[in-house]
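Each of the next two complexes has chain A plus one other chain: chain B in the first, chain C in the second.
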Partner chain A sequence: MTRISEMPDSPAPGPARVGIGGPVGSGKTALIEALIPIFVERGVELAVVTNDLVTKEDARRLQAGGLIDPRRVVAVEAGACPHTVIREDPTLNIAAADDLEARFPGLDLILIESGGDNLASTFSLDLVDWWMFVIDVGQGDDIPRKRGPGIMLCDLLVVNKLDLAPHVFVDAQAILAEAREVRAGTPVIGCRCKGAQIEGVAEIADAIMRAVLFRQVAA
Partner chain B sequence: MDIYTSILGAADAAEHHDRLHHLAHHHAVDVLRLSRADLARRRLRTRTEAGLEVAIALPREQKLFEGALLALTEDRALVVRVETEHWLRLAPRDTAAALRLGYFCGNLHWRVRFEQAHVLVAVETDARVYLERLEGLLAEGVVTLLPDAGAAK
Partner chain C sequence: MTGETYALIRLLQVSDSAFPSGAFAFSSGLETLVNEGRARNAADIRAVLTGQILPRWASFDRPFLQAAHAAGGDIARLAGIDARCHAQNSADRLAEAARRIGRSLLSVHARIGTPGAAEYRAAINAPRLREMTGYEPVVQGLVGSGLGLSVAQTELSGLHTVTMGFVSAAVRLGRLGAIEAQALLAAASAQMAEILETPAPAHPGAFSPFAEIAALRRNTAHASLFAT
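The block that comes next holds the complex of A and B.
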């Protein structure tokens, strides 16, 4: 049973903001593409902010994909190290999210994809309420051991491209086990965002819904 | 589960003193203990010290703080308290070491404070993670880890 306690006249809290960071090409946009249909099916009203260095590549890809109303996707051109605009000075991204919030009053969730960066990149909690870091098995099985701030501090670590493990000579289960160990029990989910057999993405949607939308999802 | 969407005020405000005092006597003041880092969140889901699952969803212009009052009724209050922070206290050997240490901490985006000739690094994950990174500087002897780590406020 959910009770909402609020002061009369207090402003509405607005949609949840969730960050998606991680190295270049780890599958951040692919994860968003896989999450959209799940959120649509669950009745979660969604918008997306993408960050690229000097282009709007990811935003165009999402806008052209037919999964989401193109007006619900906004691009921020970082023009600098990608982490600068999600951590040190997130004003451009905050403005983009505020803009979406104003244009689409019924939003439940805004996903903010960071430009690809290194293992040290983290999100400012002024910008997002909760964030995940996406790595993939192709980056080597020693990635979790390297304990970058992105891997250690994120609310959810996503290990993507499980399907590629045999092709890059790594043991996906070992990577997941090691990731869980270095993160001392904080959440880690393995997934596959592309291809016929998508896996782990519904669990990621569950984690988001539980953590910031406060929806009850089956355990 | 209760979802709090606004902060009612500060627990140390005069207007709440009597009621909170009364509730405290009846062990009815529950505490939401958060890390300093979590204070910046507008939305979170967690448990109070009494074991209740609660969620917070604040408007963007509001921010949690030490002593923020989330609930205040006849029979119950809920107050935010910030966990004691742990800091690593580091002493550079000389000016050259201080420059290196400062550059190093900045490069890793560690949250730091300065006290006289010491650099204090906030431990936001596991102290081990920080010590591993500092291994080189500590082994070289240009930086020393001082024992009164937790004492800093």
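The block that comes next holds the complex of A and C.
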């Protein structure tokens, strides 16, 4: 099969493009906020594309956060279709990433946050090189069992808000174990990206760097 | 296989709403009309489609599409048509939408190897040209000629695309049912045919103040689903 990237006029290899999908409120933006300082410290040049459903809320939050140059964050309006804009018709996101690439020639990595969606949302490989799906323990301990393309097909499944498990009456370790089982050994990382004790985020940064930045990361 | 059948197959491919161009994220000002309570139901949507959207395409987009088709991939001529389209586009937001859709359409065609697309894309890639070239009807004309479609087929595709884009935005804005949408398309077909069977105006000009002004009025602070 001919891959699109081997067809005429395929774009020159530029910064790696990494997708972050997952249900509404699972902590996609919070994860980006937690990843930025780690990437900054590691010298990774970063930009972000957000896809909000009805506002530019996520882009504004990142721009106002003081972690990243606000010009490196752009919002794409999804025309009411968060999955269309990352899967069936990713052209607006491709254009946004191309634009960032042209404006900031030294970029290593572009993170593309999907609008919150359901368990069926997946990223087009025309748009990203690698993508993760973020769920959280508060959405129910049966989420991994419900499978869904988002959970099954992503390159990395992130289970966020581990701190909340006792408050929502679930066993975080059991969720992680079940997630690993349904994904048959493909990567799963549990994390907490808000609060005093952040955990798991450095491992997520390691996974991204190994997979798409081809950097040596101590195991 | 005849050349004609091949052209028809390509026509269906590029006119399908599954063909990616980003167009689904634009509502041609309809979202503002809906938010302001000016477009509430199928009758209102029909009035905007038949009174504003279709006439705007016929008087404004169509002559540029025809000219671009006739340019047969000549980059200097295409750039000149784009420049005229830019100069005559009085509604900034609609102009920006037309460029964003046109440019993403052009990159998809460049990626899939449509003749002429990669060359024109390279020609208008300079930062200084980004804000003034790559208009949707110009790209449609170029692509149609590259694919070996007749000018009539290319126009049919262009009109179909704008109509489907508008109607599907109305459905997602919750002002039109999915079945009502098909009834509306059926009702609008005669007008669409008449537009295509009447010669295009010699000079492009647009008069659809209602939709244009709505697109301009769009308040950027207001929560919005669409980019226009």
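Quick notes on this one:
By our rule, the second predicted complex is superposed on the first by the 207 of 219 C-alpha atoms of A that agree within 3 Å, B and C clash if a C-alpha of one lies under 4 Å from a C-alpha of the other, contacts with A are read in each partner's own complex, and residues count from 1 in each chain.
The definition used in the following text is that a contact is a pair of C-beta atoms (placed from the backbone, for glycine too) under 8 Å apart; a residue touches a chain by one contact, two chains touch by 3 or more.
The structure displayed is predicted, hence computed values, not measured ones.
Once the two complexes are overlaid on the shared chain, A:P90 sits against chain C while remaining clear of chain B.
In the superposition on chain A, A:T55 makes contact with chain C only, while chain B stays out of contact range. Contact comparison for chain A: of chain B and chain C, B touches the greater number of residues. When the shared chain is aligned, chain C comes close enough to touch A:A78, but chain B does not.
Contacts of A:A196 after superposition: neither chain B nor chain C is touched. In the superposition on chain A, the residues of chain A contacting both chain B and chain C are 4, 7, 10, 98.
Residue ranges of chain C in contact with chain A, taken from their complex: 18, 20-22, 24-27, 100, 103-105, 107-108, 110-113, 117-118, 121, 127, 169, 172-173, 223-227. On the side of chain A, the complex with chain C involves touching residues 4, 7-10, 53-55, 76-81, 84-85, 88-92, 94-95, 98, 102. Put simply, chain A touches chain B in their complex at residues 1-7, 10-14, 16-17, 87, 98, 120, 122, 124-126, 129-130, 147, 149, 152-153, 184, 210-212, 214. For chain B in complex with chain A, the touching residues are 1-6, 8, 37-38, 40-45, 55, 57-61, 70-71, 108-109, 124-126, 129, 132.
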